[in-house]
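The structures considered in this document are given below.
Next come two complexes built around subunit A: one with subunit B, the other with subunit C.
Right, the complex of A and B next:
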């Protein structure tokens, strides 16, 4: 029984992705029976290559992907190098869960409402400091270089990489390594970069790849912050997919295939850069320069961390203000009046969507938790380890661009007679939720002290009894955190809900992004805050519940 | 007893007759069949006011006809078209995801051509008797014959919204708009085509600038296209550098453009709903200094429709919803600027005095032009023009070099 779980979990990761890719590849090569077209043909690709803005769109995908990943990784490395283990760092750690749970779309809206020429920053500074009585005609956001888009991604990817790094730090014995380096006279930052970072990077390599793939293919953030003349490739795919002219569907699928190739190429390039850095940094490490007192770099790191934290929280604040705003004209720093009207107006619809969102999130997360526990226990008992090369399977749905396989998956579900229901949406969410739940749970699970199990076994306890009576209770906190991560992922999913649900399944995210097209900031404020709350509450529960359960067992609180 | 027998017979017959469609000429049977059905109405969900109106319709049909109406909020109507298409591809001929679509123009033309629509039904609806078929363009949709495959529910006409704080006087023509934008760079923009309001602006410009509007009612051909659209491209070449963000970015949609006006980023904007400005002022979405105007030669107008896909599982209920949308109560509510501010498709002269009083009682609001001020409606160009123009727009202005 238990041995079947890892196989089942692997199938859940691999089958939808492959089925979806095939479903996308067929129309890309001109095979599209619904429009009376039979392939194979290369016409869709010829049409794609002839599209005037294609190379700008491709460049935008590549630049924003690499810039966001590189920048996020650099900020995370600097923060850890300069501050890990300090009191300031614990504050950053505390801000992590809320930061992570803020859905991408909500963070992007907040950022847009902050930095636009008519945004909050300009309003706060106008007209006394800037002299502006009306907004300046500046191309922010939506700038042609994708700078706003890159920043919008960085504020969400830094928390993600930081979380992944913190859990990996314990495996690389970071604290003692750093102490040792410092006793040898290395500066804190230099010592950390030379001694800890290489080993840490090996642990977080796949998450970095996920960030790269995600940043190159993101749709919702690009819609909000990215340029539109032309937009990045992923947005073009979505736009062509929804064109009433059916021949555009072929173009969209061809572009989705190009997107897949770009991501694959991007990952290869990143790996080559890794190899190059490895070759050049070896001598740098071996040379033994100790580095001077590096307060400048440490301040830079702290500044970057604060900027990330502040921009997300200030963004949420401005969303909140808009959701209560009466008339609010530029350059007033605050609305003329506050009103509950927008909340009352949206409460009925938003409450329904909230329920729907939480139902989907709860079902997919519970299924993911069940599978993850099964996989980890099978690894523990039977040595069926999902690691090394097999770890790629877990990361597959996160690395293959959603836009490249979801359209095909939708058709595959329809052919399989599965349609329209909550069930298929839950199933499609599970594909994306399971990897995060497994990753979040596996470190604490493996770190569980096996000697406790050995003692129990010598007292006659069966493996099942050890699992239910010792391991699970002691891992309550880790499981709740994994559940919170899973729910946050599910709440934020846009494309799977939209495409697989056929529009019949309305979650807070689909509703919020639908409102984006309308640009009603008050309505967006209401929905984005509800969306954030849906993702944030489970994290709060993951902190509160163990604290209450283990109020008499302090040792378990950190287990 | 007879009723019971009939019910039993119907229950028995249903599986055999799956796919047998309700007949709108037997309205009592349609009402019977509709009771208890659920209608998924796929309609653009970007506007709070429209969403509220659809919710109101839902309350009405539930109370009066026992129909549950669910609004599926789309970002793009084409998503629903895609859905019906993939269902046809997968052989889903009954109980599809879409029961009713808010549709017009290119999407309607695509669905009608591909045989994705149920009908004809529209002219058999009881309330069709009240529709102003003579004065309003309800039998053609962008010059495509409707032939009963969609039912009208609102009239739209292009107006321009201007913030009188910065632009006090109406502008009478596209040339006047260009002159003003040249003197006031960065204060005008339009939604990015292929957004429908953006393409509407291009159409309006074409209609206003062309010397020969008659040519636009026929299809665009390789022979007439270049010469007819030349004035449009000359106009846009001159206008684009003077636009908001110098034409390097555009608002995504009409409401996003509205937000720009609320933020005082622009002073002039196009709208396809004469009452939109008043409704937006009432909702704090626009400053109360905004007014509207139409061009001297008139502006283009068209009707919004609802259509029923061929594989809807609730065709009877969908028809009832379409009929309720045509009722004087719903039409008067839609025309109320505090609700939607959409123009009615009904012939007010055909209404009973009580029903007409509903319309007479409406206060159109400070920024809405009276029917006389709105003046003559110019017909939409044939859709083939828009397809080519949207493509050319994308390569000329949609890609910043």
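Right, the complex of A and C next:
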């Protein structure tokens, strides 16, 4: 029984991706029985290449992906190099951790409401500094270069990469290595970059790849912060997928295939850059420059981290203000009055979406938790380890762009007689939730002291009794954290709900993103805050519940 | 039927390196002390006897407890008790629940509670049932840990440097307590230690590993 769980889990990650890719590839090559078309043909690709805005869309995808990944990694490396182990760093870490669970869409809306011509920044500076008495005519956000889109990604990917790095740092003996380098006369930043970063990067390489693949293909953030004529390639796919003209489906699937090729090419290019940097870093390290005075770099790093924290928190604040805002004219910094009217007006719709969101999140996360526990216990008892080379399986659904396999998966579900609906949406969420739940639970599960199990076995406890009575209770905190991570991932998912649900399943995320085009800031404020709450509350529960449960167990309070 | 714990030509190796090569019988109430520097295979021998030997080791020979060959018996049916250096009390359970976890199933609720209370008072900890194990002193933890093992009614007792975490005064006191309680129950004991003072104090046979 237990031995079957890792196999099942592997199948849940691999089969939908492969089936989806096949389901996308067939129409991309002109095979689409639903529209009476039989392939193979290259017409969809010819049509795609002839589409006038294509290269701009491709460029946006590439630029926002590489810029967001490079910038996020640079900020994370600098903040760690300059501050890891200090009191300021612990503060930054504490401020960034909750940001991880703020949904991408909510963070993007917040940023948009800050930097728009009629946003909070312009209001705070007007008219006394800018002289504006009406919003200037600037295309911000949604600028044609994708700068706003890139920034919107950076504020979310910095917390992700930083927290991945922090958990990897303990495995590379970072603190002692840095001290050693410093006693050899190296400056903090240079010393850290030379002795810690190469080892750390090897540990966080897959997460960096995930960030690159995600940033190149994100849809919800691009709808909110990206340009629209033309939008990035991924948005084009969604737009064409929802076109009532069925022949546009072929174009959409061809574009999805192009997106897959772009991500594959992007990952290869990134790996080549890695190799080039590795080649030049050897001589750089060997030259022995100590790089003594680095307060400038350290301040820059701290400034960048604070900017990330401040923009998300200020973004959430401005969303809150808008959701309660009465009449609010430019350039007033605050609305004339506050009102509950918008919350009351949207309460019914938002409550329904909230319930739907939580149902999907709870079901997919519980399934993921059972699978993850089964995998880890099978690893413990039978040595069936999902690690090393097999770790790629876990990362597969995160690396293959959603936009490339979800259209095909939708077709595959329909082909298999599975109607669009809650069940298939939960299943599609599970594909993305499970990797995060497994990754979150693995370290604490493996770190559990195995001698406790040995002692219990010599006391006559069976493996099952050890699992239920000792291991699970002692891992309560880790399990609740994994559940919170899973729920946050599910709450934030946009594309699976939209495509697999066939537009019939409405979560807070799909509803909030759908409000983008209307531009009703008060409604967006309500939905984005609800979305954030849905993702954040489980984390609060993961802190409060163990503290209450173990209030009389000192040995577990700080585990 | 032979009473006691017999190690019959036990040979444990890793690659071409033989760590343990041992034959002996520990009679009920008797002690075998296994000594040697760290890395000499002391803990490996204990893992072999409890049936938790890590993969990568090759072991031959038999472990016979009261006439029964333990080769294919899983750890939880071997009835071999184990005390580690650290107490390894389960942190999420109270002292009483820890003991109840060890106590063999059976008996009514009041009977079980009475046995736990008796075990606690046997080691001078009467009334400690509801305490959080994290709030106990080192000596108190060691005593709870001992009674938890004994309540599981083992037929032999393995001691993996159980005294080395304790300060000297407490050390001899706990050592004497373990020795007396185990001898009173007629348990064969195998003590692993690197401290000659432990070996002198318990008497009995003595083996050096890695010498």
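Note that in this section the second predicted complex is superposed on the first by the 551 of 559 C-alpha atoms of A that agree within 3 Å, B and C clash if a C-alpha of one lies under 4 Å from a C-alpha of the other, contacts with A are read in each partner's own complex, and residues count from 1 in each chain.
Basically, a contact is a pair of C-beta atoms (placed from the backbone, for glycine too) under 8 Å apart; a residue touches a chain by one contact, two chains touch by 3 or more.
The structure presented is a predicted model; accordingly, all values stated were derived computationally and were not measured.
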Once the shared chain is lined up, is A:144 touching subunit B (first), subunit C (second), both, or neither of them? first
Of subunit B and subunit C, which one contacts the greater number of residues in subunit A? B
Which partner chains sit in contact with A:283 here, subunit B, subunit C, both or neither? Use first/second/both/neither. neither
Touch check for A:131: first (subunit B), second (subunit C), both, or neither? neither
Touching A:411 in the superposition: subunit B (first), subunit C (second), both, neither? first
Flag every residue of subunit A that touches subunit C in the complex, lowest number first. 383, 449, 451-452, 454-463, 469-470, 473-474, 476, 550, 552-556, 559
Where on subunit B is subunit A touching in the complex? 40, 42, 44-48, 51-52, 55, 70, 72-76, 78-83, 85-90, 92, 97-98, 106-107, 109-110, 114, 185-186, 192, 194, 244-246, 248-253, 255-260, 262-265, 284-285, 287, 387, 394-395, 397-400
Touching residues (chain side subunit A, partner subunit B) in the complex: 33-34, 52-53, 56, 116-118, 134-135, 137-139, 142, 144, 223, 227-230, 239, 241-246, 249, 325-330, 345-346, 348-349, 410-411, 414-415, 419-420, 498, 502-504, 506, 510-511, 513-523
Which of the residues in subunit C come into contact with subunit A in the complex? 50, 52, 55, 74-82, 84, 88, 90-92, 94, 101-102, 104, 132-135, 148-149, 152, 154, 158
